[in-house]
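Next come two complexes built around chain A: one with chain B, the other with chain C.
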Partner chain A sequence: MHWFQHLIAPGFFQSTEVQVALIIGSAVAITSAVVGVFVILRGQAFLGHALGDVGSTGAAGAALVGIQAIWGFLTGGLVAGTAVDILSRRSREREVTTGVVLSAMLGLSALFIYLITQVSSTTGVTQEILFGSIFAVNRHLVVPMMGLSCVALFLIAFIYRPLLLSTISLETAQSRGVRVRLVSLIFLFAMTMAVEQSALVMGALLSTALLIGPAATAIRHTRRLGYTMLMAAGLALLDTWLGIMLAYNSFYWPPTGRGWPVSFFIVTVMVLSYILSQLIPQPQSKRAQ
Partner chain B sequence: MTSEAAITFNQVHMAFSGHTILRELQFNIDKGAFVGVIGPNGAGKTTLIRLILGLIRPSSGTVHVFGSPVRRGKRQIGYVPQSFVADPDMPLRARDLVGLGLDGERWGFAFPNHARQQRIQDMLDRVGATRYADEPVGTLSGGERQRLLIAQALLTHPKILLLDEPLSNLDIHSGHEIIQLVAEIAHDSHVTVMFVAHDMNPLLGVMDQVLYLAQGRAVVGSVDEVILPEVLTELYGQPVEVLRINGRILVFASGEMVPLTHSESIAHGHALA
Partner chain C sequence: MTNLWQHIFEPGLFTYPFLIHAWISASAVAIISPLIGFFVNLRGESFVAHAVPRGAFAGAAAAFLVGANSILGLSVFALAMALSMGFMRRHSQNGVITALTLVMALGLGDLFLTIGNTYAPEVFALLFGQLLGVSASETMAITVLSVVLVIVVGIVFRPLLLSSTVPEFAAARGVSLTAMNLTFAVLVALDASLTVPVVGALLAFSLMIGPAAAGGYLAKSPWGAMGYAIAVALGSVWIAIIIGYDTSLPIGFLVASLSLVAYVVARLIHMARKTRRFKRYVSPL
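Here is the complex of A and B:
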C-alpha cells in the first residue's frame, strides 16, 4: 500500500476544498462530455471554444463588481451565444459571425482584465479566470452548479430526437415538422451552460477541453450514441478525478508549495488517454463480405 | 375530380424577394401515380417539393394535399432527401437512423420496445437493408444510404412519397435499383410518388406522368404528351428539339449540342437563360 500513499497525498479526502472540487468537477465532467458529443457531431467545436473565451469577459466583469465568477461566465456566454444566433440568422455565415462576436467580447475582456490589475495588485484573479480555480470555489456554489448541470442535461434529453434528426438531415427534420431553429437555440443554451460551468473549473481558455476531448475519444470507439455518451462521461470523470488528485499532490511540489493548476493535470490526463485510445483499434465491421 | 387528386396546385406563384421562381402552376397529381419531376438545375424542383411539404407558402395560389391545404409535418407525406451528413465515425447504426423515421420529431428519447424494434426490422427487410442494419451509417455506400432514407420515410406509412434527386450521388446501377425499389413499394402500397431527377431517362420505364419544369412553368402529362418539340418549345420559350435514340430521350435547344436536362452540362453554363 506504500505506492498508494504516494499517489494520494495525506488529507485528500478530509479536505473540504477537495470534496467541493470533486463534487463540482464530477458534475462539470458529465455535463461537458454529454453535450460535447453533440457539439462534435454538429461541427460546432469552434463555437464551443468561442463561448468559453467570451466567458472570460463576463467573469472579469464579475470580478470588477465583486460577484461570483460563474455568473459572469454565464452572462458572457449567453450574451455572445444570443448575438451569434441573431446575427447568423441574417448572414448565414456562422463561422464569421462567431469570429466577429468573439473579437468584440475579447476586446472588452482585455479592458476588464487591465482594470482588474489596476485595482488589485495580485495576478490571482486573472489566473483563475483564464486557467480555472476549482480549489478556490465557494462551497455555496455546489447547489447552483449541480442545478446548472441538471438543466443542461435535461435540455439535451428533451431535444434528443429532433436534435439528432436535424444534425443528420436538416431537410428531413423540417419535413417532419421539427422547429429546427428552436431546437438549435435550445442546444446553444445547453452548450453555453456546459461550457461556462467548465470554465469555472478549467478556466476560460481550457473550458472546451472537457467538452471535446472525452467526446472525441468516445465517438471513435462506439457505434451507438447512448454508449458514446456513457463512455465520454466515464472518461471525463476519470480525467477530472485524476487531475484533481494530482493537483492536490502538487501542493507539496516546487516551486512554492501553492499547487499547480488543476486544468494542467486534467488536460494532461486527457491527452494521454486520447493518445492511448488512438493505439487501440476501432471496432471492426461485423459485415460479411 | 378533386377527390381523385393526391396533390392539387391551383394558380401557384412563387417568388423570392421579388424574383419569380414558379408561375401559374396549375395541375393535379392523381392518387397512386408515379410522377417524374424533371427540369434543369435551378428550375424550381426543390421549391416545388418544399411547397408540397408546407415548408414555404406560395406567394399566391393554393396547394392542396388530399383536398386539404398543406400543413408542415404531416405524416401522410414521406420525404427522402438527396443524402445525409455522416462521418465514418458517426456513432449511429443504420437501424437507428431508420428508427428516427418513426418519431424523430418528438421531444425526448425513444425508449426501445419490442413492437418498435419489429417495425424497424420489417422496414429494413422491405428495402433490403438487413445485411448492414447494425453498421455505422457513415461507412455505407450512396445506394445503401438511399435505401435507409427510403425506409425512414416509409415507416409512418405515408400516402405520398417525395424524393428530391435521390439519384444524384449514385452510380447508374445503384440508381436503377433505387428506382425499381421505389416503383415496387409505390405499386404495392398505393403510394403517390414525386421523384425529382434532372435526367428523365432512368425513369422512362416506371413513371406514369412527367412534370416538366422550365422557365418557372410546368407541364404535366404522360411522356408521350409532354416530351414533344412543340410542348417544350412553348415551355422554354425558344426552339427545342427532342431526339429519341435507342429508347433514350434527349432534349436540345435547337442548334446547341448540349442536352438541356443534364445537370453537368447545365452547371457549366449551357442552360437557356
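Here is the complex of A and C:
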C-alpha cells in the first residue's frame, strides 16, 4: 500500500476542503467542457477568455462594495458580453470589438483595485481574484454553483439544435427561420455562466483553461458532437481531479511546504494531454477519401 | 486664468526627472503600439496581442524568483509565446493554440508567485504598469528599441500588409507566409516587452487595439490609419499622464478609458459619414 500513499496523501478524502473542491471542481469541469465544444466550433475562444477577464473587473467591484465575488464575476461577464454582442454586428468586427471592450473593462479593474487599496490595506485581493484557489472556495457556494451549472447546461440543451445549425452554417440557419441573434445571445449567457464559475474556482486568469483545453482535444478525436461533449467532459473531470490530487500532495513538496497552486496542475495536465493527443493520428473521416 | 493652468499642469509636471522619463517612454510606446496594432486588427488577431503581454507577465514572475532582471524575463517569455503561436498557427483552429499557450504561461506564473512565497509588489506593478516609476536606463532602452522597431516595421511594411490582407496574392507574389507570420509574432513580442513595464500587462494591448481600431474607422489609406492611430495613442497617454499626476488615478485606467472614448467617437464619425454618403446617393431619386 506504500505506493498508494504516495499517490494520494493521507487525509485526502477526509478533508472538507478537498470534498468541496472535488464537488465544485467537477461541476465546473463538466459545464466548461460542454460549453467549450461550442465555443471552439464557433471560433469564440477569445471571447471566452475575455469573459473571464471582465469577470475579474466585476469581482474587484464586488470586493469594493463588499458582496460575494461570484455575483461580481457574473455581472461583469454579462455586461461585457452583451456589449460585445451589440457592438459587433458583423462577424468581421468581433475580434476588434472584443479587444476594445476587454481593454475598457481591464482599465476599470485597475481603477477598482486602486480604490480597494485606498479604502483598506488588503493587498491579497488582487492575487485572489486573478489566480483564485479551489481550496479556498466557501462551502456555502456549493449550492449556487451547482445551480449555475444546471442553468448553463439547461440553456445549451434548450437551444441545442438551432445553436448547432447556426454554428455550422449561419445562412442555412437564417433561411430555416432560426433567430440567429437570439440563439447567439442565449449561448453567450450560458458561456458567461460557465466561464465565471470557473473564474471563481481557477482564478480569472486561468478560467480559459477548462473551457478550451478538453474541448480542443475532444474535437480532434471524435466525429459526433454527442461523443465530443462526453469526451470533453470526461477529460475535464480527469484534469480537475488529478489537479486537485496533485495539489493536495504538493503540500509535502519543496521548497515551501505550503503547496503548489491547483490551477497550475490542472493547466499542466490539460496542456500535456492536448500535446499528447496531437501525436495520436486523427480518426479517418468516412467521407474524406 | 493662470490659476487654472497651474491646476491642470501641476508644478513639476515637466521638470521632475521621473516625469520626464514617463513622458519620453510613454510617447515611444504610444508610437510603436498603434503601428503593430494596425497589423493586429488587420489580421484579426486581437487575441494574440492580448495573450502575449499577459503571458509575458509570467516571465517577470520567473525572473523575480531567480533574481534576474524582470524586463529580461518578460522579453524571453513574450518571444517564446509569440514564436510558439507563430509556428503552430497552421494547426490552430480559432485561437485554440493562443488560448492554450496563454493558460500554460499563466499557470507557470501562478506557480512562480506561489513558490516565491512573497507578495511581490514589483511583479504586480507589472500587471497594472508603473509609468511614473520608469528609470533613466529603462527610458533609454525603450527609446532605442522603439526606433529599431519602427525601422523594422518600415522594412517589412509592404510584404506584411500584403500577406495580412490578401494572403493568396502575397504567396503568389513570392512572399513567404510562414516568414510573415513569424515576423508578425516577433513584432508583437517586442512591442509587448516594451509596453508592459510602462502601462502594465493587463493594458499593454489597449494601446495596440483601441487607437488602431479608431484609426481604421477614420482613415481611408493604411498610412492615414496609422497616422490617426498614433495621434490617438499619443493624445491618450499624454492626457493620462497629466490627469494621473493631478489626481493619482491609475494610468492604466486613464489610458484605457481615453482610448475607448476615441474608439467610440471614431465609430460615430464613421457612421455619420456613411449615412451622409447614403443620403447623397439616394437623394436624386
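Operating definition for what follows: the second predicted complex is superposed on the first by the 269 of 289 C-alpha atoms of A that agree within 3 Å, B and C clash if a C-alpha of one lies under 4 Å from a C-alpha of the other, contacts with A are read in each partner's own complex, and residues count from 1 in each chain.
Methods note: contacts are C-beta pairs under 8 Å (C-beta built on N, C-alpha and C of every residue); 3 or more make two chains touch, one makes a residue touch a chain.
All values derive from a computational prediction rather than experimental measurement.
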{"item": "Simultaneous placement of chain C and chain B on chain A, clash or fit", "value": "fit"}
{"item": "Contacts of A:177 with chain B and chain C, given as first, second, both or neither", "value": "first"}
{"item": "Chain B versus chain C as contact partner of A:238, first or second or both or neither", "value": "neither"}
{"item": "Chain B versus chain C, judged by how many residues of chain A each one touches", "value": "C"}
{"item": "First (chain B), second (chain C), both or neither touched by A:203", "value": "second"}
{"item": "Which of chain B and chain C A:213 touches, first, second, both or neither", "value": "second"}
{"item": "Partner chain(s) touched by A:168 [first = chain B, second = chain C, both, neither]", "value": "first"}
{"item": "Touching partner for A:185 - first (chain B), second (chain C), both, neither", "value": "neither"}
{"item": "First (chain B), second (chain C), both or neither touched by A:142", "value": "neither"}
{"item": "Touching partner for A:230 - first (chain B), second (chain C), both, neither", "value": "neither"}
{"item": "Computed vertex angle (chain A) for partners chain B and chain C, CA, steps of 10°", "value": "80"}
{"item": "Minimum C-alpha separation between chain B and chain C after superposing on chain A, in Å", "value": "5"}
{"item": "Shared chain A surface residues [contacts with chain B and with chain C]", "value": "219"}
{"item": "Touching residues on chain B, where the partner in the complex is chain A", "value": "53, 55, 72-74, 77, 79, 81, 84-86, 89-93, 96-97, 100, 103-110, 131-132, 134-136, 139, 149, 152-153, 162, 164"}
{"item": "Residues of chain C touching chain A in the complex", "value": "41, 44-47, 49-51, 54, 91, 93-96, 98-100, 102-104, 106-111, 113-115, 117, 119, 121, 124, 127-128, 200, 202-203, 205-206, 209-210, 213, 249-250, 252-257, 259-260, 263"}
{"item": "Residues of chain A that touch chain B when the two form their complex", "value": "37, 41, 157-162, 164-165, 167-169, 171-178, 218-220, 222-225, 227-228, 285-288"}
{"item": "Complex contact set, residues of chain A against chain C", "value": "40, 42-46, 48-50, 92, 95-96, 98-100, 102-104, 106-111, 113-114, 123-124, 126-127, 130-131, 203, 205-206, 208-209, 211-213, 216, 219, 255-256, 258-261, 263-264, 266-268, 270-271, 274, 278"}
